[in-house]
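Consider the two complexes below, in which chain A is the common component and chain B and chain C are the respective partners.
Our next item is the complex of A and B:
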């Protein structure tokens, strides 16, 4: 037998349950819409990011010597022209060479600077950080012009090392920034523990410090490679006759011949950048650094 | 001596000496190389011009004059020349269009004229190539006129004024004037057509206003594509920008307006601080040789400045190769234009932004 007291309670329980279900339903509807909106926003951003690449691919595969939409067919003639051009291939190889040298220089210098800033108890470290990041604030074309003028004054012409130095200057901030981000959360006690257990400072650096800051250093190195490979304003003044990078060669080409070869060159550039990232993933395991 | 140093007999002193020697060698190498053969630094174009210069004409010059020819094809040339020392300029010979030459001469970066005694082939050029509108010497010219589609049924176009015809509304191609010398030359043509002459800017601005709607591009290459793709039915273009598609079955043609064609000159000048002026003059003389002129003219469809050049019939029929044809050239007063450039840029930007 159900007690009198329990009746209203059960009624209350049922009505509370109904209220809860309605509230959950009420909350679920906006949540579902919110999720849809979030998904739509992400798709829109993806389209925004990928649209230029899609247009470049369409341009590269379209057989007509001008941009035409919709495309009238699929052809590899611009890729053939690109790979048959000694100028383009030389420029591609030269860009890779410069980007590789820049990556090494910017990574070593940037990572060392970040370590010194974060761990060196340097006076005015904030000022040093601002100085290290300053190349990003100055228009790169002015950096290129200033370096060009310096080289002319030194009467060294426009050497390869001068171009690499210019690229290194504008890529160091990326390495400094990403390495500092990792060092910000670095647990110094791990190093102290290693040294308490008898590790020398050098061993501690290579076996404890470096593996822990590696994600930041590698992320910076990838930025350095990509920024150098695509670098245009700094190179504009620093490339020597006969040693033009790919972006400069493309710019000079499109002043006279605006055909699909530009698209083909861009597709090859994108693929190369992609291959470099994949290769780095294979070598150092980028996937573990994705959190960055 | 320690065991390790016996295995690897390189002391710190030796290492430092070797490194210093290597460093000195690397730094000195360009100077040593320079001492061996003179180097002539010039500017030049890319595209087909660059191809033929690199493959044939440049190497032949190097062999004949026993020098190294370094051609910078990476624009912009003028800021680089400005940034370099006047006594050791980055270029010995500056090759640009006329407008930039005038800017360079105003800044004292190039010599105003080339000495005909040092460049004997100047004796054979058309008068326009050494006129008072030219700094240095003009080696080639293109005719700026109207490029247009032949398949759109626009009818006969014979005058610059046809460019304003309402039938071309929405199909008219023009330039971002501050960035393009064809566009700049056209501003002065507008003054000539609708006002008192090249310097009548008010008439030019009023005429430009009436060109809207118009599709604007930065480069002549982009204008070619605009016409080839059919996006524009008519556009201001140099003749070589149309003739280069000769034989490719494209429905495009070049119109020489009855009022005359604007001159787009390829000009060479010498920098005052050049250490190899003799070689620079030899280069200019070489570029004016009939055989060199013929090869380049037939490669890129530029009209040769040397009147002794005999082109093949196909090129001769279209390019400016006789005094009568050359008389249709209208040279632009770039010195005057450059002095007004800021004002013109600001005004035309306002016109086309609206």
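Our next item is the complex of A and C:
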């Protein structure tokens, strides 16, 4: 009895199972190909993003004075030429000097502004934030042009403080953004608790707020350093002849020469940038500040 | 206004003052001066009798060369934006949907690495790739695919390739944030109802990520039209864009007034983009508020 009853039933089940598998297989084939296409496209995009950086490194180590592919050997002659060149070394030192001054100025001003915006109950704070972030979106070449014209009108020449002020202006948005992100994320009740326990607002600020916003401020500072170190359009208008920043010197060199020295200089900048990124990751973790 | 809805301004608000001073003296005042200079006949410091003039703007309107330069700048900006979107979207989608934390960190590194490499260095990289004796032409020649080198740079194509590489990370980071906020279960629901993954993407994910597409595109366009290094080096001084023309007016012609007028044109275009960008970002965060 059981066998008779179960047979048609099992056949039904089997055929149902077969149709499902067939349907799944029918859909799975294009799905698998779609998945492969998706990954292939993304890998191609990653190659597009990273290959130029790899090429620069290869080119810096290649001994021939012109571009040769595949490379014929490994040499450090371009690094020697770079470190022996007074122009490049002077520019590297000057860039580091400007970036250091800019970082201090942008961090102090930007972090204070962020605190004022987040905790000062300022009216129109949204407009203030938009204003503080505007040097990011407005072409930096305009900031350079406008400052250059003002310095010409005021007849002050091209002073170092003028260059640092320009750099500070274009780096402040990063500090404001990272500091504000941290200030918005942490619990205001921590500050309230400190005050309820009898701490004065000033003591609360130094013992609760400041330690908590430190990662955001540090991330902003590192960003400010990188942006200032790589800054081009503002420097283009504001550097004095004879004391140029590294990007300007590289640019002027590139206009006439395409040898491996530029590759070596690039590798030095890339290494500096990577050291900074690793430091950044150590201090705050990469995810927390990458918000556009 | 009731006190509860508008808390009193406290002493921390004073911390805004140093930045306010910096912005007033080194941002608003200079840009104001630029606006004034663009309608003056000369430099008021050197020449005692300067007057009002619209000749700098008239020169732009009357000479088709300058209109051509403005159009070239916008055209390069549009192509760069379109290419950055097409290239940036898949990567942003992958970054937003990848499950592995290590995978996400590696992708983030890959996107940030070019951003941290400096514009001059990246432009140099593309010069070594695209020039007549560059890597791409050498590879193609060695395989016998071409006999004469392809003209890959010193034209608009070269400029656009370089600009896309420089600005695609901005597109990816903007898009990833927006795609990441789209509930993945919406796509799964569409697929469970019988839609193919492609159709689920076109009808669910893509429309929901439109604000991100718009915000990223505005950002990339604003950055691309103000680029200087890449257009001048990859264009080989052959192609004139607005930023190149502005710097030329200062460095070669020392025509501060005309440079200021050109600057005002670029400022107007950029300001409208900034306003649109902030509006779109407002839409994005408004949408998040609804969820």
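Here is the rule we go by: the second predicted complex is superposed on the first by the 223 of 292 C-alpha atoms of A that agree within 3 Å, B and C clash if a C-alpha of one lies under 4 Å from a C-alpha of the other, contacts with A are read in each partner's own complex, and residues count from 1 in each chain.
Keep this in mind: a contact is a pair of C-beta atoms (placed from the backbone, for glycine too) under 8 Å apart; a residue touches a chain by one contact, two chains touch by 3 or more.
Given the structure is predicted, the values throughout are model-derived calculations rather than measurements.
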Worksheet item: Since both structures carry chain A, what do chain B and chain C do when superposed there: clash or fit?
Response: clash
Worksheet item: So, does A:89 touch the first partner chain B, the second partner chain C, both, or neither?
Response: neither
Discussion item. Contact-wise, after the overlay, does A:152 reach chain B, chain C, both or neither (first, second, both, neither)?
Written reply: both
Worksheet item: Thinking of the overlay built on chain A, is A:66 touched by chain B (first), by chain C (second), by both, or by neither?
Response: both
Practice prompt. Kindly classify A:242 by the partners it touches after superposition: chain B alone (first), chain C alone (second), both, or neither?
Written response: first
Item to complete: Applying the touch criterion given at the start, work out whether A:254 contacts chain B, chain C, both or neither, answering first, second, both or neither.
Response: both
Fill in: Superposition-derived comparison: chain B or chain C, residues of chain A touched
C
Worksheet item: Just chain B (first), just chain C (second), both, or neither: which does A:139 touch?
Response: second
Item to complete: With chain C in view, single out which of the stretches 56-64, 74-82, 254-262 or 326-334 of chain B clashes with it after superposition.
Response: 74-82
Worksheet item: Same chain A residues contacting chain B and chain C, which ones?
Response: 66-68, 145, 148-149, 152-153, 155, 236-237, 251, 254-255, 258
Worksheet item: Which part of chain B faces chain A closely enough to touch in the complex?
Response: 27, 30, 41, 45-50, 70-76, 79-80, 83-85, 88, 90, 219-222, 224-226, 228-229
Worksheet item: Which of the residues in chain A come into contact with chain C in the complex?
Response: 27, 30-31, 34, 38, 41-42, 45-46, 48-53, 55-56, 59, 66-69, 108-110, 112-113, 115-117, 119-123, 128, 130-132, 134-135, 137-143, 145-150, 152-155, 165-166, 168-169, 172, 201, 205, 226, 229-230, 232-233, 236-237, 247, 250-251, 254-255, 258, 262-263, 265-266, 269-270, 273-274, 276-277, 286-287, 290-292
Worksheet item: If you look only at chain C, which of its residues touch chain A in the complex?
Response: 6-16, 18-20, 22-23, 26-27, 29-31, 33-34, 37, 43-45, 87-88, 90-91, 94, 105, 107-114, 116-129, 131, 133-135, 138-139, 165, 168-170, 173-174, 177, 196-198, 219, 222, 225-226, 228-229, 233, 243, 246-247, 250, 256, 259-260, 263, 266-267, 270-271, 273-274, 277-278
Worksheet entry | chain A residues touching chain B - in the complex, by the definition given at the top | 64-68, 87, 145, 148-149, 152-153, 155-157, 159, 236-237, 239-242, 244, 248-249, 251-259
